[in-house]
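Below you'll find a set of structures to go through.
Same chain, two partners: subunit A is paired with subunit B first, then with subunit C.
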Partner chain A sequence: MLDVRNIQSSYRRVPAIRDVSLTLSKGEIVAIVGGNGNGKSTTLRTIAGLNVLDGGTIQLKGKALAGMPAHERVRLGLVLVPEGRRLFARLTVEQNLLLGAFIADDPVHRQEMLEFAYTTFPVLGERRKQQAGTLSGGEQQMLAMCRGLMSRPDLLMLDEPSWGVAPKLVTRIFETIQAIRERGISILLVEQNIHRALEIADRGYVIQTGRIVMQGTGKDLLGNDMVRQAYLGM
Partner chain B sequence: MTTIHLPKTVGALALLGFALLLPLVIQDPARQNFLILILMGAQLGVAWNIIGGYAGQVSLGHAVFYGIGAYTSTMLSLKLGLSPWLGMLAGGVVASAFSVAMGWPCFRLKGHYFAMATIAVAEIVQVLVTNSETLEGAVGLSLPMGNTGVAAMVFSTSKLPYYYIILGLLVVTVLASWAIERSHIGYYFRAIKDEPEAARALGVSLTRYKLVAIAVSSFFTAMGGSFYAQKEMFIDPGSVLATGVSIKIALIAILGGVGTLLGPVLGAGILITIEEYSRVLFGSTGSGTDMIIYALMIILVAVYSPAGVMGLLHELRRRIPSLRAKAEVRA
Partner chain C sequence: MTADLFLQILVSGLLIGLIYALVAVGLTLIFGVMDIVNFAHGEFLMLGMYASFWGFALFGIDPILSMPVTAALLFGVGVLVYQVIIRRIINAPMLSQIFATFGLMILFRGLAQFFWKPDHRLVTHTLVGGNVTLGSIQFGLPQLTAAVGAVGVTAGLWYFLHRTRLGTALEATAIDREAATLMGINGQSMFALAWGIGAACAGIGGALIATFFPIFPEVGSNFILIAFVVVVLGGFGSIVGAFWAGIIVGVIEVVGGFVVGPEYKTAIVLSLLLLVLLVRPKGLMGKA
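On to the complex of A and B.
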C-alpha cells in the first residue's frame, strides 16, 4: 500500500528527517515511535505533502507522490489527522464531519460515515450541533479521527492521537484505532505513548534524529532491551 | 430552528423597508448624499468581507478592483458608448479576472505578507494608470454632462435614483454574501481561515477557494467603483486607486465585524458619519483628520474588540439575558 524509501525533509535547511524508509501493507497498523524532535511528525507530514520532500520516493498503491499537492493526495485515499487535532473550533461537530467529506460527493456514503461516527462515539451524536471547540480533549480527538474517516481513506495517518486526552479515554482511542482497521483501513501511527502504540501495532519503526534505527513487530520492539531502556524507562 | 429564522427574515424585510422609505422622509439633497455615501461604503465593506472576513485573507489593495470597475465602465462608455449598466458588469468581470491573476502568486504568501503584497499591487497599478496616456493619466476621465437618464445612469435633478441604485447593489451584494455564508463554500472559507493545514489535510485546495473568494469579492467591489464613477462623473487615480481607498474599504468591515453578514453595513454607518462630520467641522484646514480618526479606530478595535462592533453587540446580548436571569433568581 505504502512504500517510503530514503526520504529526507527539512525546515529551512535544518534537516528534520535524514533517511526514513518504511513500508505498510493493506490492513496493517504500523507505528513510528521515538522521542520528541526526532522527526516522527515530519515523516507523516512529508508523506501527506504538507512538508516538502527533499529526497527519496514515496509510493502509494504503486503511484509516486512526489510533487503532488497535499489536497490531491487525499483523493488517492491518504488522510492525515494532524497533531493537536486542528478542528474547526467555531464550526459544529457535524459541520466538521461534513468538511471531512470534502472529496466524497456520494450522499449515501456521507450518511453512512456520519452514522459510523455517531454510533462509535455516541457523545459526538449528542453534541452534533455544538461547537467543536467546546468538546473535551478526548472528544475532540474522536471527532478529528472521524473527520479523517469521512473521505473514506485507504490509509489513515494519526499524529499523536493520545495527545491531551484524559488517561481514561486513551484506552478508548486505541480501541477505536483497532476498530478502524477492522473496516479495512490501514493505519500509520505516530505516538509518544510508545507502550500503547506498540501493543496494537503489527509492526513498528523506531526513529532517532531523523533516521530509522530499528524495526520489527510490535511485540519484538516492546521486548527489545534498547527500546525498554531508552523509552520505557525499564 | 424556524423560530430563529422567522424573526430574522422579518427583521431583514423591516430594515429594507426602512431603507426604502428613508430618503422620502429625508429630502435635503446633502443629507441624501450622505446616506448614499454610507450605502456605498457598506456595499464595499460587504464585498471585502467575502475574502477578508470569511476566508480570512486580509487585502489592503481593494482600491485596484474599485479602480478597475470605475475605469472599465467609464472607458467603455466614453469610447464605445456602452451603457454603464453593462459597463458595471464588464468592470466586475475584468476585476475578477485581474484578481485571479493577482491572487495566483500572492496567495503563496500568508497573513501580513499577503496583505503587503496587495498593497504593492495596488500601488503599482496606481502608478501605471497615473502614467497611462490612454487613461488620461493624472488628469482623470470625465463623463459628458448632457447625457442624463436611466440608460446613461446619470441623474442631475435628484439624488433619489442614485440612492435606489446603490441600495439595490448593496442588497445584491448582501444576498451573494449570505448565499456564500450558508453554502458549503462558506464552510470551506471558514475552514481555510481557522485551520488551513487541517483543511488541506482533508483535501480542500486552499488556493482554489481563496481564488473563488477574491474573484467574487473583487467583482462586487468593481461594481461599486463603476457606481462611484457614474455618481461623481469624474475619476482619477487619486480618487479611485489610492491606498486610502483600500484602507477605508477594509476598515469598514473590520470596524463593523469581520466575517459577519451585516457588520460591514454597521461599520460603514459609523465610519462614514465620522468622516463626513470631521469634514464639516474642520473643513480643508483639517485635511487628514479622517486619517487620524481611522488610525484611532484601528487601535481601539484591535485592543478592545477584535470582533468589531458586531462582537460588542453579541457580547451585550449574551450578558443581558444572564443579568435578567440573575434578577429573576433574586426576585
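On to the complex of A and C.
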C-alpha cells in the first residue's frame, strides 16, 4: 500500500526528518512513536504532500507521489487527519463532514457516508447543525476522524488522535481506530500515547531526531527494554 | 425637521448605503478568502462601468441588459489578475502585496486614460431612468435599481458561500487553507475563483452605477475610500457585515451631511470609523 524510502524533509529550513523508511500493507495499523520534535508529524505531513520532499521516494499503491500536490493525493485515497484536528470551527458539523467528501461527486456516496458517521457517532447527528468549534475535545476528534473517512480513503493517517481528548474517551478513540481497520482501511498512526498506540498496532517504528532507530511488531516494541525505559518510564 | 423630510433623508441614505455595500462585498470577499487587500477594486468597478458604457455607445445595449456580460467579463479580469500577479505574491511580505495591487490600480487607470481618454462619459438614457415618487418622497429609479441589485448580490453571495458545495469549499479555504487542501480542495483554484467572483461583483456594481453616474478613468476613487470604510466597519471578510455597514455608512453620511453640512459628510463617516475601531477593532461582524 505505502512504501516510503529514505525520505528527508525540512521544517523552516531546519532538517526535521533525515532518513525515514517505512512500509505499510493493506489493512495494517502501523504506529510511528517517539518523543516530541523528533519528526513524527513531519513524516505524515511529507507523505500527505504538505511539506516538501527533499529526498527519497514515496509510493502509494505503486504510484510515485513526488511532486504531486497535496490535494491530488486525496483523490488517490490518501487522507491525513492533522495534528490539532484543524476542523472548520465556524462551519457546522455537517458542513465539516461534507467537506471531507468534497472529492466525491456522487451525492448518494455523500449521503451514505453522512449516515455512516451519524450511526457510528450519534452525538454528531444530534449536533449536526451546531458549529464544530462548540464540540468537546473528544467529539471534535470523532468529527475529524469521520471527516477523514468521508472520501472513503484506502489509507488514513492519524496525527495524535488522543490529543486534547478526555481520558474516558481515549479508549473510545482507539477502539474506533480498530473499527476503521475492520472496514479494510489501512492506518498510519502517530501518537504520544505510546503504550496505547503500540497495543493496537500490528507494527511500529521508533523515530528519534528524524531517523527510524527501531522497528518491530507492536508487541515486540512494547516489550523492548529501550522503548520501556525511554518512552514508557518503566 | 418634518417627518417627510426625515423619511426622504433616510431613504436617500439607504439607497447610497446599499450602493456602497455593492462595491464593498467583492472587496471583503477577496480579503476574507486570502487576506490580501485589493487596492485595484475601484478599477474593477471602473472597468465594469466602461464595459457598460461601450455596450451602450457602440451597440445600443442598456447597461442593465448587458450586466451578465459585464459580470462575466470582469470575472475573467479577476481570474487573469490572480493568475498573472496575485498568485506570485501570496506568500510575499504584506508590503509587496500592497504595492502589487496598488500598482495594478495605477496601471488600470493609466490604460483607461490612454485608450478611452479622461473625458466624462454618460449613459444618456436607460431602461431604469427617471424618478420615483412615493407620497412626498422622491428618489431616482437608477439608484433604486442599484440598491435592489446590492441586496441581490449580497443574498446571492451568502447563498453561494453557505448553501453550495463549491461555496463551502471556498469558505473552508478562507478559514484554513491547509486543512482545505487535506479535503482535496485545490487552494489555487479557490483563490482564482474568489478573485473572479470579487471582480464580477464589481462588474455588476459598475453596470448599475453606470446608469446614473459619469464614467471616467478615476471614477473608482469616488467609491473605493468609502468601500474600505464599509469593509473595516463590517469586519474584514464578512459579506453580511459589509452589507449592514454599507447601509449604516450611507445613512450616517446623508443624515450627517444634512444636519452638519454636506462638506463634512466624509469627515463624519471617518469619525464613525475611528470610533468603531476604538471600541471594536474587528468591526461589527468581524471574525478575527
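Just so it is clear, the second predicted complex is superposed on the first by the 234 of 234 C-alpha atoms of A that agree within 3 Å, B and C clash if a C-alpha of one lies under 4 Å from a C-alpha of the other, contacts with A are read in each partner's own complex, and residues count from 1 in each chain.
FYI, a residue touches a chain if its C-beta (ideal position, glycine included) is under 8 Å from a C-beta of that chain, and two chains touch if they have at least 3 such contacts.
Everything quoted here is computed from the prediction, not taken from an experiment.
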- Query: Would subunit B and subunit C fit next to each other on subunit A once aligned, or clash?
  - Reply: clash
- Task: Kindly classify A:17 by the partners it touches after superposition: subunit B alone (first), subunit C alone (second), both, or neither?
- Result: neither
- If you stack the two complexes on chain A, which partner ends up touching A:206: first (subunit B), second (subunit C), both, or neither? neither
- A:33 contacts which: subunit B (first), subunit C (second), both, neither? neither
- Who does A:95 touch here: subunit B (first), subunit C (second), both, or neither? both
- Query: For subunit A, which residues belong to both interfaces, subunit B and subunit C?
  - Reply: 48, 50, 69-72, 74-75, 79-80, 82, 86-91, 95, 98-100, 102-103, 147, 151
- Query: In the complex formed with subunit A, which residues of subunit C make contact?
  - Reply: 165, 168-169, 171-172, 175-176, 178-187, 287
- Listed in rising order, the residues of subunit B that touch subunit A in the complex are 184, 187-188, 190-191, 194-195, 197-206
- Item | Interface residues, subunit A side, partner subunit C - complex | 48, 50, 69-72, 74-75, 79-80, 82, 86-91, 95, 98-100, 102-103, 147, 151
- Query: Can you list the residues on subunit A that touch subunit B in the complex?
  - Reply: 48, 50, 69-72, 74-75, 79-82, 86-91, 95, 98-100, 102-103, 147-148, 150-151
